[in-house]
Structures are given as structure tokens and as C-alpha cells.
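Each structure below appears as C-alpha cells.
Consider the two complexes below, in which subunit A is the common component and subunit B and subunit C are the respective partners.
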Partner chain A sequence: MEEKKMKIRGFLARFFRNHELRDDDDIFALGFVNSLLALQLVNFLQKEFAITIEDEDLDFENFRTLNNMGALLERKAANVAALA
Partner chain B sequence: MLGTKTMESAGLRLDLSETQRESRQRFRGFVREHIVPFAAQWDRDQKVPFEIVEQLRAQGYLGAPHPRHPRGPMDPVTYGLLTEEIARGCSSVRSLLTVHDMVALGIWRWGNRELKEEFGDATARAELLCALALSEPETGSDAAAVTTEALIDGDEYVLTGRKKWITFGQIADLFLVLARCQGQPAAFVIPATAPGFSRAPMTGIVGTRASLLAELKFEQCRIPKRYLVGRVGFGFSHVVSSVLDLGRYSVAWGSVGIAQACLDACQEYTAERKQFGVKIREHQLVQRRLTEMIVNTRAARLLCYRAGYLREIEEPGAAAETMLAKYFASRVAVEAANDAVQLHGANGLTEEYNVARYLRDAKVMEVIEGSTEIQQITIPRLGFSEL
Partner chain C sequence: MTGGRLPDLFLGRNAMEFTHVGVVGAGVMGVGVAQNLAETGHQVILVDIHEEQLKKARESVRSNIRMNAFFKKKTAAEKPDVILSRILFTTDIEQLRPSEFLIENVVEKPQVKEDVYRSIDPICKESCIFAANTSAISITRIASWTRRADRVLGMHFMNPVPLKPMVEVIRGFHTSENTLNKARLLLEEMGKEGIVVNDMPGFVSNRVLMLTVNEAIYLVQDQVASAEDVDRLFKTCFGHKMGPLETGDLIGLDTILYSLEVLYESYNDDKFRPCPLLKKMVYAGLHGRKNGRGFYSYEGEASFATAS
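Coming up: the complex of A and B.
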């Protein structure tokens, strides 16, 4: 989980200049997220963690904080494991 | 000098495969035979004939990048080459590819399972033509502020509103419509057969005149709930955003196609036309314009190649690089077309030559899929990786 969050933090650092993103920071409230970043974030999560963000994953809570994104990744990994 | 492996890890690949080169030759042959001889007339008629849609479909060019396409999805670079070649012949035909493909893929990307089953194969094969219904009479660049409203009524959504400037709206079978639902952006699939849907042709457009623009009306237009794409609240940030990302990629390559067409026309014209006793290409000021055209067109194409390669390897930054390519290439197209008209002199102002059409079409590229000005305020905020 920590490693995943670190990777996401590293990706977002390209956009969140001069802001050290904490695990519980609300990335939408910080005002850095536009539609293109939202799209790139989805693409990053998919490629980096070999998952597919589906339409049912589209919930702002899933992407609001590093902790929430980490939890989403854990849930998706658990789903994949359960199906295997 | 960078080795190939190192260059690719930096997101650079500067050569085409043999298959891609062969594909480009095939695209070029198709355009030369089926599009170039007719494009000027289609522009005057303000419509492309349905036969060209059928020809594109028969060649597998419509829906080509769709995962369910019968010939397998075309890779992004080859798709770019296809788009460039078609735009060299006719930007209106190029715009058909743009709108159909971006919407078909958007439905596939964000649609629920039922939507994919219902429309996936038919849109991949272009048996159903798609169009994007985003702009409204009072809403352009501020797309998230659309006023078309979707209300929930039992198992249906009921849409009310108007859309304007809808490319190929006159003949599309399916529309991806951005509306507001419960105060939030939401995207819906609306078939042209839905009750309460109507459309009217728009004519008198300056550029891409043959692209069958329409104004759409939704009057208590009812659709089943499964026609929601993505979820309420994500219609713009994810659904339309990903659709426009492919649109920008297509428009970037299409702009390169216009610039190349301008260059081709100017090379030919300046080698024949004589003034002051010599072919006009002998004049240094003409050479200067040709040089600018050659260099800028190649630079725009390289940005497109880079965006294409990043899309191929699914690099997250591909969307940002695509925006750079679209921004630069659309401006290059306008500049090249402007110079092309100038080099053709009075002839360039007539319908006898294609360059006036290229100029009108090029200007459209700076407006659609994010205007130059919107991109100028967006690009500085994007995070770019090092080259």
C-alpha cells in the first residue's frame, strides 16, 4: 500500500508543484485537478498497477486522496484474486 | 547519439515499420482515387455523399482504432497516418473519422456492459455512425457549463435542450450527449430514433463545409437508464475528456495533412508559374515561405509521431503530448494555408485551386477540440516528462 501511494505521489508531483502531497490531502480541494489531469491519472493508475478503471469505479471518493486511491487499488487487486 | 532502446524509453521513436509504410501507401492510393478528385465539389455542395461513408467502411477505415474492429484495432501511429492522408484530400471526410471514432471508443471505454453489448460491434464496424453532441448555442469552450438537462423518470432519463455545430449530426445514428443531471455533468448515448429527438441541417459554414453539421433538439427525449455513459458527475472530466483526447489526436494529424496538402500544392504551382521571366520558386521570398512550410510541417508531424508512440505504449502523459501536437499542428496548418494562398496570388482566391479551401479548413482546426486560446491556458499547467 505504501509503495503504491508513493508511486502515485511521484506521478502527481509533476502537477502539484511546490506542494508536498500528504496521504489524506483532498486533491480536488487543492485545485490542481482539471479534466486532463483526471484523465492522465486514470491512465497512470491503469498502466502502473495493471488494472482497468471501469465505469463503476467512477466515484470521486475513490480518487480524492492518496489513501483512497490506495484502497481502490487494494480492492481491485482483491477482486482479481477472487476471480482467479 | 542515442541508441534506439534509449530513445524509445524516452518516448521517442522516429521511424515507421515496414507495415506502417505500406499502410500509408495504401491510404494514399485510396485518397488519390476516391477523395481528391471530388473534394472541391463536396465542399461546394456542402455535403459529402453517402458513398464515401460506404467506401470508408468497406476499407475498414471507420472505427479502425476500436478494440472490436473486425481487423483488430489499428495502432495509434498507423491511425495517425490514415488521418493525415485523408485530411490531405478532404478535411470534411477526416472529420467523419474523428467524430465517429472518438465517440465509438468513448462508449466502449466508459459504457456499462449492456451498452457495450448493444453498440460495441455495430459502432466498431461503423454500421452505426456516431457523433459528439457537446456544443450548445450558448456553450462552447466552457463545455462543462452545458444547459441541456437530464431528469430521472423511473427507469428512464428524460433530456431537454439544444446542441449546435454537431459534426455529421445530419446522418449520425448515435450521439454522445453531454448534459447536466442532478446539477452535475453526465454523458448519455442518444440514438437518432429516440422519441423527442430532432435535428436540422446547418449550412453556410466557412470551413469543413461538407461535414454535414446539424443542430439537435431534445424535447422530453426519453432513453433507458443504461444509456448513461460512465456515472453522473464524470460526464465531462472522464467521458468527454477521453473522447476529446482522441479527437485532438485526430485533429493534430488532420492539421498535418492540411499543411502537407498546402506544401504539395505550392511545390507544384511555384514550379510552373512564371513571373518576372522566371518560375516563381526562383524568387527568394517564395523560397522562404516554402522553407517555413517544409520545416513546420515536419515539426508538427514529429510531435504527432511522439504523441502516437506514447499512446501506443499507453504512457499516461500521452494526453498532454497529444495536446501539444494539436496546438502546434493546427497553428502550422493555418500558417501554411495562409502562405499557400499568398503564393498562389489571385489564383489562390478562386475555387479553381484548392488552397482557399485548405485555408478555410485549417482555421477550423484552431477552434475545434479545444481552441488555441484554451490550450494556451492549459498547456503551462501540464506536467511534462523530460525528453
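Coming up: the complex of A and C.
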């Protein structure tokens, strides 16, 4: 989980100028996120972690913090494992 | 009321004036127009010469609807598949026959547009109105490529189409009042408003905007400031939502170049001469958001300034 969060933090770093993103920072409240970033973030997560973000996953809560995104990825991985 | 996007039939109002709308050109603007029309309950015939472009168009619509719902913090009135089912994606212009209204959004090159109008004019119903979603080409000139000059007008949509409520409407020399009224009706059905201006290349928006973007590119070429700093100055000093270079990337640097060329040709005025850096970037394939790289990068990775 930590490695995944680090990758996400690395991706987001360029959008969050001069701000060290913490695991529980609300990225939407910080005011850097626009619709283009949201789209790029979703595309990045799908590509980097080989998952499909379904319509039901597109809830702000799932992307609000690094912790939440990590949890989303864990759930996705668990689903895939369960199906295997 | 869910933002006025539900088809009138659901709300018990009279049937729509335009059930079938043709959209020619599945680029950035064509896709947006098609999506908007489908969202407002219209049957859309989306035509492009490239099958590959149509595939990308379908994916764009699906993705846009999803992301809109997500980012606007509300559930879409309808699922992407329902909306998509209203769009016929085809390379066959014969399919445009049932169109009651047609919006043309092919590449900003007069010769290409002329070929399009000359081929659709004999196919479409006499009553069908042609709206040219052109950046800068004279509407009167476009009308001369058809036998329905009174039924031709300009409708310059803004990007992204589904989210922008205002459209620049252009009255060509022969455009009839009836045509303008029908256009207003369609815009209303699409959830939009129009401001009617007279026909002169570039109309209002692009005649000024292209100069701004072009000059901003000169700033980068002349190394006065980086692309990021130019944009940041505009955003923070003037309160603009996007700086001129971000705007260039959004519109498409190729489109910016072609629009400037049209303006240069139309006015024979040096002020419209395209910046050499702009030409170089377009030749190098840096077209902006549409293909992943312009002054910034959009590869789904982080955005960062890429121009020198």
C-alpha cells in the first residue's frame, strides 16, 4: 500500500507546487484539482495499476486523500484476487 | 430539474423542433457538439472520414460523461450508454439525409470545408439548415459553396461544448431571419444561448483571441518568459481562468495556426502572421491537448511545460 501511495504522490507532486502532500490531505480542499487533473489522475491510476475504474468508483471519497486512493486500489486488487 | 438536460418529451413539453441533427467532423468540437445534442435528447448523425477518429470520438463521449458526473459531484441524468445510443457514428455522408439541422466542424481549412459543403448540399433536405462551426472563415463565403445561402449561418461553439452556455452566432450576408430563429430554437434545445454578430473573418471571439494567443507564443519564442509564467501572469493578474498558452493547447495549436492563416489571408494584415514557434510546434506534431502535447504535456502524466 505504501509503495502505491508513493507512486500516486509522485504523480500528483507536479500539480501541488511547494506542497508536501500528506497521506490524509484532502486534495480537493487544497484547491489544486481541476477537471483536467481529475481526468489525468483517473487515467494514471488505471494505467499504472492496471485496473479499471468503474462508474461506481467515481466517487469523490475514493480520491479525496492518498489513504483513500490506496484503499480503493487495495479493494480493486482484492476483487481481482477473489475472481482468480 | 436536473440542469435542463432531460429531453422535452420526458417533461411533457411539446416535441422538439429538431429530432435529427447531423454533425460533420468528429474532432474536438464535433465530439462536444454531438455529446451535447445526445444529452439533450437529439438523435445525432456524427460523420467523419476516419474510422479511427470515430472510435476515439465514442471513447471521448463516454469518458466526458463519466468525468463530468464525477467532477460536478452529481450523478449524470442518464448513463453514458443511453446517451451514446443516440449517436450514429459513421463515415457515410448519405446517413445525413434525415438531418433537420446540420453542424459542420471539420478542420479549419477553406478547401476542405468547401469539399464538405459541396458534397452534403445535394444530399441534405432542402429545409435543412447548415451551421458552420468555424473559427474564422467567412460565413458568406461558406454559403457560396451551397445552393441554400439563406439557410446557412455560423455557430461558433466554445470548448468544452456541453459545459459552455454561450455560442457566437454569425449572420451571413444572405442568412434569413427564419434561419436565425431556427438556430435560436436549436440552441435553446441544447441548453444554450447565442449572441448574433455580423460576418467578418474571425467574428468577435477569434479575431481578438488569436492575436492574444499568437502574441503570447511570441513571448515564449523571444524568451521573455516561460509558458508557465506567461499563463500564471494572466491568471493571477487578470483573473483569467486559463492563460493564453493553456488556451492554445486546449483549442489545438494546429487549429490556432490554421485560424491565423485564414485571418492573414482574409485581412492581408501582418498582425495575423503566425509566430514561427507556433509553426514549428505544429510541424513537430505538438498540437496540444488533443494529441497529448503542446506547451504542456497531457499524456495522463503530470502536466509540465515542454516548449523551450
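A few notes on this one:
Rule of thumb we're sticking to: the second predicted complex is superposed on the first by the 84 of 84 C-alpha atoms of A that agree within 3 Å, B and C clash if a C-alpha of one lies under 4 Å from a C-alpha of the other, contacts with A are read in each partner's own complex, and residues count from 1 in each chain.
In this section, a residue touches a chain if its C-beta (ideal position, glycine included) is under 8 Å from a C-beta of that chain, and two chains touch if they have at least 3 such contacts.
Since this is a predicted model, take the numbers as computed values, not measurements.
Applying the stated contact rule after C-alpha superposition, one finds that A:40 touches each of subunit B and subunit C. By the touch criterion defined above, A:49 lies against neither subunit B nor subunit C after alignment on the C-alpha atoms of chain A. Once the two complexes are laid over each other on the shared chain, residue contacts for A:15 go to subunit B and to subunit C alike.
Counting contacts as defined above, subunit A residues 11, 14-15, 35-40, 42-44, 47, 55, 58-60 meet subunit B in one complex and subunit C in the other. Across the complex, subunit C meets subunit A through its residues 63, 66-71, 73, 79-80, 298, 300-304.
Listed in rising order, the residues of subunit A touching subunit C in the complex are 11-15, 35-40, 42-44, 47, 55, 58-60. On the subunit A side of its complex with subunit B, the touching residues are 11, 14-15, 34-44, 46-48, 55-56, 58-60.
Of all residues in subunit B, only 110-112, 144, 229-231, 233-234, 236-238, 240-242, 245, 314-320, 323, 378, 381-385 touch subunit A in the complex they form.
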